[in-house]
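Paired with chain B in one complex and with chain C in the other, chain A is shared by the two complexes that follow.
Our next item is the complex of A and B:
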C-alpha cells in the first residue's frame, strides 16, 4: 500500500498489521461518507421535485393537488429504500447517479402532471399518475436488480443470451399481432392493455452483449490488419460483427421506420468498439457505413426522405402543413422560443399546444416553462450522469465492467443528444424518449435499470482494494 | 483504453455543447422572430390570457377585460359598443386587431419594452401579467354629441383640439359592435365578421381616417386660399376672373358656380368673396395661375400625401394628384377631379388655421399607465409643421368667419360666438349622390375645437343636399358640445 494511506491511518497502533487495518478502515469509513453525500443530494433532488410539482399546481390551477402529492409518496419511499439497500449491498456505489435520476424523474412527473392539467386528464387517464406508478415500479425493479446482480461479471456469461433477447426485443414491434403503429415509428408493442417500447430494454441488453463480446474479441479486432494512410485497417473477416450490427440498424430503419433507434444502437456499438480496440478506423468505417445506408434509405424510402425534408426545410409552409410534416417540430420550437431565457414559469406556459408534449417533446415543454436556464440545468445533470459512468470506465479494473459502464452511460448521453438534437433541429427528428423525463413506463424502467447497473459497477470498482486504484489516486 | 475514453468524453462534451448552442439559438437569438411567426398561436393565446389593459375616454371605459371561464382567461368587452368602435377597433382571435387594440397591442397586452420589469415582477410574484391602461384624448361628451348629431346618416366626424392636436371625437357611421368580433367561439366570430365585411355600407371601415376617400369639394378652397396668400402675390382683395360660366380649356365641359350665376357683380371678384360665396370659376382660374406645384406644396404642408400620420392608427394619405391637363388642374382647384381626402385631413386644415398656422400632430393618445398607476408614457403635443404663417392664418380666420357670418357656410352659426367655417358639396358621378362636407373651428379668437363633418351618399338626399345645409348644423352641434363643456 502506498504512503498516503499509511499516513492517513498513522499512529503506533497500526504497527505490524498496517495493510489489513487500512483496508478495513477505508471500507468502514468511506462508504458511509459516500452514502451520506448521496442522502444529502437525494433530499435536495426530492425537494426540487416537490417544489416543481407544487409550482405546477400553483401556477396552472392555484391550489396544490394533495392526492398527486400523496401518490408521489410511493416512489419517494421506494427511492429512500433504494438508498438503504445501497448502504447494505452497494455501499461504495456512486453517490450521484441516484439523485440525478431522481430529480430528472421528478421534473418529468411535474411536467407531465402539468400537461394533464392543461389537457384535462385526470384519474388513471392522466399520464402523470401513470408516470408516478411507473416510477415506483422502475425504482422497485432497480432495487431488485441491485439485489440480484451482486457481481456484474456474471452478466458477461450471458452475453449471447443478451444479444438474442436484444434482437428479439428490437424485432417485436414488427410482429403483426402485437406491433402497434405509433405516431412516428413502429417502436411500440402491445400485449393486452400493456404497451411498451422494447427498444428501451434492448439498449441495455445490447450494451451487455457488446461489452462481453468486445472483451473477448478485441485482440483480433485491434491487433491484426494492414496499415493504410496511418490507419490500421481490419481484416476482412473481422468486419463481420460491425456488418451484422449495421445490417440490424438498417433493418430498424427500413422495417421499423425508426431512424433514431438505429442511430442509437449503431452509435453505441461504434463507441464501444472504439473504446475496446482503440482503433479510429472502426469509427470511420462505421460512420461511412451508416451515412451511406442512411443516404440510400433517404433516396429509396419516402418516409426517411420526408424526415430529412422536415428537418432541413421545417418552416416552409408546404412542409409545415402537409400530413406528417414539420408542424410538431415547428410548434416545439415555438414553445422553446416562448420560454426564452427564464421561461414562462411552471404551469404558466402553453406546452400542451405541441403534439406529444409529454413524451417526445418533453424537453420543449420544460424549455418553455423553465427557459434556457432550465434546459441548461437539465443538460448539466445528464452530462454529470454520463461523466459518472465514464469515471467507472476510467477507474475500473475489469475490462468488461469498464466497457459496460461506458456503454450504458454513453447510450444515455447519445439518446439525450438524438432527442434534444431532433427537437432543436441539429439532426433529423426521431421518435425516442428523453431518459427519465419523458412519459413512458418502459423508458423509466430501462433507465432506472441502468442506474442500478452503474451503482453495481461503481461499487465493484471501489470495493476492490487494488494497488492500482489507490496508487493511481496518489 | 483511457486515451479512447478521453476522446469519447470530448465527443460527449461536443454533443452537449451542440445542444446548448441550438437551444440558445432558438430560445434567445431567434426568439423574437419565432414569436412573430404568424403560425405561433402562443403569442395569440398569451395575449388572450393576460388581463389586457383598459381603454378609457375621460372616465368612460370603452374597452376592458373581464374574467372568463373558458380556456382564454379573459373576455374583452366594449361597454360602449358601436359608439367607440372606430377608436377601440376590436381584439379578435381570428385575425388582425384593429383600432387602438391593434396599434397599441404591446402596451395593452403588457409586452411593451417599458413593461419588462413589470413582467419580470409578475413572474417572480406569481401574479397574472396585466396590460397597461390607455387613456385616450376622446371627450365622451363630445363623442356622444357627435354620434347623436350624425343620426342615421352615413358619414364621419372628427373633432380636434387645435392647440394640441388631441382628437376629441371620432365618429364613423354606420358603425359595428366590436363585441361581436371579440368572442371566443371562432365560428360565431367568423360568421359575424363575414356579415360585417359583406355589408355594402362598410361598417368595419373607420371613415374618419381610412376607407374609400371622398373628394373634398369646396373645403379644398381653404388650401387654395392658403397657397395664394402664402405665395405673397395675393391678398384677400386680389381679383379673379368672374364669368357666369366657364368652358374648361381643351374640353367642352362647362363649369358653373353653385348658384349658376357669377360670383357677386362685376367682371372680376376677390378671393374673399369667392371663398365666402364658394364660387368655383374664380378658384379654377386661381389654380391655373398658381400652378400645380404651388398648390401641391401647400397641400403637402397641411399633411396631404404623408403616409406616416398615425393617431396611432395609420391614416390613409389624402391626395392632390398631378393633373393630366389644365382642365383637370382647374377642376382639382375647387376640390373636384381626382382630389381625395379623409375627414381627419380636412379637420387638420381647419386646426392649423385655428392654431395660428401651427399644425399639431393629431393623436388619440393622452397617457399610458401601468397597472400600478405609474405613468409609462405621457404623450405631449407635438408640432406636425407650419403649413401657413401666423399672418396668413389670421387672414384665413377672418375669411372663414365671414363665410359663416355672411357667406354660404352659415349652417354652423352660433349666437354670440364667432365660428369660422367652410362648407363643401362635392359631385361624384353624373347621377351619383353628392358628398357633403363642413369644416370649421370656434371661437375664432380662441379656438377650442376644429371639426370636420363628412356626409356620404348625399345625406340620403341624392343631389339635393348641401354641405352647408346638412353638414353645417351637425358641425354646429359638435362645436356647441365642446364650448358648453
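Our next item is the complex of A and C:
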C-alpha cells in the first residue's frame, strides 16, 4: 500500500492512462440508463393521461370519444420524437422533467375536454381540441429549441437583447391597436385572429437577462456594504437594479392592472439576486419594497382594493353578488369542497359552474373531480419538477447556467403558488395560468421551452470532466 | 356503465397518479436520501483502515516542508493549477484535468470527481476557482474535508502541492 503511494507522489504521469479508460466506461454506461428511465416514466405518463381522458368520456358521456383520442395521437408521437431527439443531442439530460410535463399537459387536456362536454363546445370551438393542437406545437417548439440551443452559454451573449425583447413583450398588451382589454387584466395581444399572452415568453427572456446580468454584477452586489444587526446591507448605489425592477413591476400593476405578473417578475428577480449573492438582506429589502408597493396600490387603485376585499371577505353576500366580486372564487371553493377527499370522479362533478374553469380555475376543476388526493399528486409533480430544476442548478458548472436553471424552475414554482394560492384563498386571486395545465397556447409553448432549456442545462452539467474513485472496486 | 365500476375506476386512477409520483420519487431516491454507501469487501477492509490516517500522517511532513517555497510561486508566476492528482487511496496516481470554474466532489454520480467509499458524503466538497486561485469548500460533509491534515470549515485556498483528504482518498493540485 505504501510503495505505490511514494511512486504516485514522485511521478504520477506514468499512470496517466487510468483516467481515460475510467471516463470512457462511465460515458458509455450512463446515457442509455437515463434515457431508458425517461422512456419508462414517459410511457406511464402517457398511460395516465390516456386513462384520464378515457375516464372523462366514460364519466360524462358514457362512451369513449375516438376522434379526440386520434387527435391526441399527434402530441403523443411528438413527445416520443422529443425523447428520441434527446437520445441524440442531449443524452444526459434530466430524465424527470419531460414525463412530469407530459402528465401535467395530459391531465390539463383531459380536464379541458371535460369542460367542453359540459359546456357543449364542439369541433374547432372546443378548447380541448385547440389545447391538443397547442400541445403539439409546444412540443415541436421544444424539440426545435433543444436542437438549436446546443450550448446554453450562447444565451449569455444575448442577455441585453433578451432584456429588450422581454420588456417589449411586457409592454405589448398596453399598445392600443393590438392590445386587448380582457375581463380584468390587460395581458393579451391580438394580431388578426391570432392572440397570445406575451408575458409568458417574457418570463423566459427575463430569466436569461437576470442570469446574465447577475453573473457580472454579483461581486459588487454581495461583497461590499456594512453590517447592521447581523445583516450585511448593500450600499445605496447598489440598490439601483432592484429599484428598476421594482418600478417596472409597479408599472405593470398600474398600467396593466395585473398583480400576478408583477409579483411573478419581482419574485423571480429577488430569488435570482439572493441565489447569486447569498445575502438574505436582499430578500428583506425586496419583500419590504413589494409589500409597501402593494399596500399603496391597494389604497389607491380600486381594482387592487377589490381583489383584496374579495380575498378577505369572500363569503360576504354583498361582495359575492357584486360585479367583479368574489362569485368565481367562492364557486371554486364550493367545487373543491364538493370534491372532498377522493373527488366526484372525472366527468362526474359540475366544474363548469365556475367562470373561466378551463384557464384560471383549472386547479379547482381538477380538485373537484380528483379530490384532495388528486390535487396533492399534482402538487407533488410540480414540487419534483421545481426541485429537479434547483438540482440542475446546484450541479451546474458555470455561474450563468446555475442561475438560469434556478430562475427558470423558480418561476414555474412561483407561478403555481400564485395561481393555486389565489384559487384556494391563501393570497389575493390574480389571473395567471397554471403551468402546463391551463388552457392557452402561449403558456404551453413557454413552459415546454423551459423544459427544453432545463434538458439542455442538465445535459451540459453531466458532460463535465468526470472521474470515479470507487472505494469498493479497488 | 354502473356507478360501482366508475367508483373503482376513479379510485384506480388516483392510485395510478400516485404510482407515477412514487415511481419518480423512487427513481430519484438517491437525491433525497443520499447515495448508498458501498460496503468494502471484508478482506479489503483491514487493509484500508490503517491507510486512512497514513496519508495525513505520512504525506503532511514532506508537504509542509515543500509548501513554503511552492506557496509563494503561484502568485509570483501567476500560474494556476491545471491538474488534480490523486496521491493516495484506491485510485492513487489517477489524474484529471481541472474544469474551467468548479469541480464538485462527492458520492453523487453527478459530481465531477466521484468518490464512493464509506466516508464520503453525497455532495462532499467542491473546488472553485476564485481569482485564479483554487479554493476548497466543504459542503457540510459528515466526515469532513482535510487540507494538510486540518479540517476545512471555511472556503480555503489550496496551494500547489498541499494534500486534500476526503475519506480514504487524498489528492493535490499540480500545474
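Quick note on the criterion: the second predicted complex is superposed on the first by the 449 of 474 C-alpha atoms of A that agree within 3 Å, B and C clash if a C-alpha of one lies under 4 Å from a C-alpha of the other, contacts with A are read in each partner's own complex, and residues count from 1 in each chain.
We take it that a contact is a pair of C-beta atoms (placed from the backbone, for glycine too) under 8 Å apart; a residue touches a chain by one contact, two chains touch by 3 or more.
As the structure is a prediction and not an experimental result, all values here were calculated from the model.
Q: So in the superposed three-chain picture, is A:450 touching just chain B, just chain C, both, or none of them (first/second/both/neither)?
A: neither
Q: If you stack the two complexes on chain A, which partner ends up touching A:149: first (chain B), second (chain C), both, or neither?
A: Touch status of A:149: no partner.
Q: Just to be sure I read the superposition right, which of the two partners does A:76 touch: chain B = first, chain C = second, or both, or neither?
A: A:76 sits against neither chain B nor chain C.
Q: Is A:51 touching anything from chain B or chain C once the two structures are fitted on A? First, second, both or neither.
A: After superposing on A, A:51 lies in contact with chain C but is clear of chain B.
Q: Going by the contact rule set out at the top, does A:340 touch chain B (first), chain C (second), both, or neither?
A: A:340 sits against chain B, while chain C stays out of touch.
Q: Is A:59 touching anything from chain B or chain C once the two structures are fitted on A? First, second, both or neither.
A: both
Q: Of the two partner chains, chain B (first) and chain C (second), which one does A:90 touch, if any: first, second, both, or neither?
A: Touch status of A:90: no partner.
Q: In the three-chain superposition, say which chain, chain B or chain C, touches more residues of chain A.
A: If we count touched residues of chain A for both partners, the winner is C.
Q: Which holds for A:408: it touches chain B only (first), chain C only (second), both, or neither?
A: Neither partner.
Q: On the A-aligned overlay, A:367 touches which partner chain: chain B = first, chain C = second, or both, or neither?
A: first
Q: Pick out the shared contact residues on chain A: the ones touching chain B in one complex and chain C in the other.
A: Overlap of chain B and chain C footprints on chain A: residues 58-59, 342, 345, 348, 371, 387, 394, 399.
Q: So in the complex, the part of chain A that touches chain C is made up of which residues?
A: Residues 1-2, 4-5, 7-9, 12-16, 18-19, 22, 30, 37, 40-41, 44-45, 47-48, 51-52, 55, 58-59, 62, 95-96, 99-100, 103, 342-343, 345-346, 348, 370-371, 373-374, 377-378, 380-381, 384, 387-388, 391, 394-395, 397-399, 461-462, 464-474 of chain A touch chain C in their complex.
Q: Can you tell me which positions in chain C touch chain A when the two form their complex?
A: Listed in rising order, the residues of chain C that touch chain A are 1, 6-7, 9-11, 13-14, 16-21, 23-25, 27-28, 31, 38-41, 44, 47-48, 51, 54-55, 58-59, 62, 85-104, 108-110, 112-118, 120, 123, 167-169.
Q: Using the touch definition up top, name the residues of chain B that touch chain A in the complex.
A: Touching chain A: residues 1-5, 7-9, 11-13, 15-16, 18-20, 22-28, 30-31, 34-35, 37, 39-43, 45-46, 123, 126 of chain B.
Q: Along chain A, where are the residues that touch chain B in the complex?
A: Interface residues on the chain A side: 58-59, 271, 274-276, 278, 315, 320, 330, 333-342, 344-345, 348-350, 353, 367, 371-372, 375-376, 379, 382-383, 386-387, 390, 393-394, 399, 402, 406, 410, 413-414, 416-417, 420-421, 424-426.
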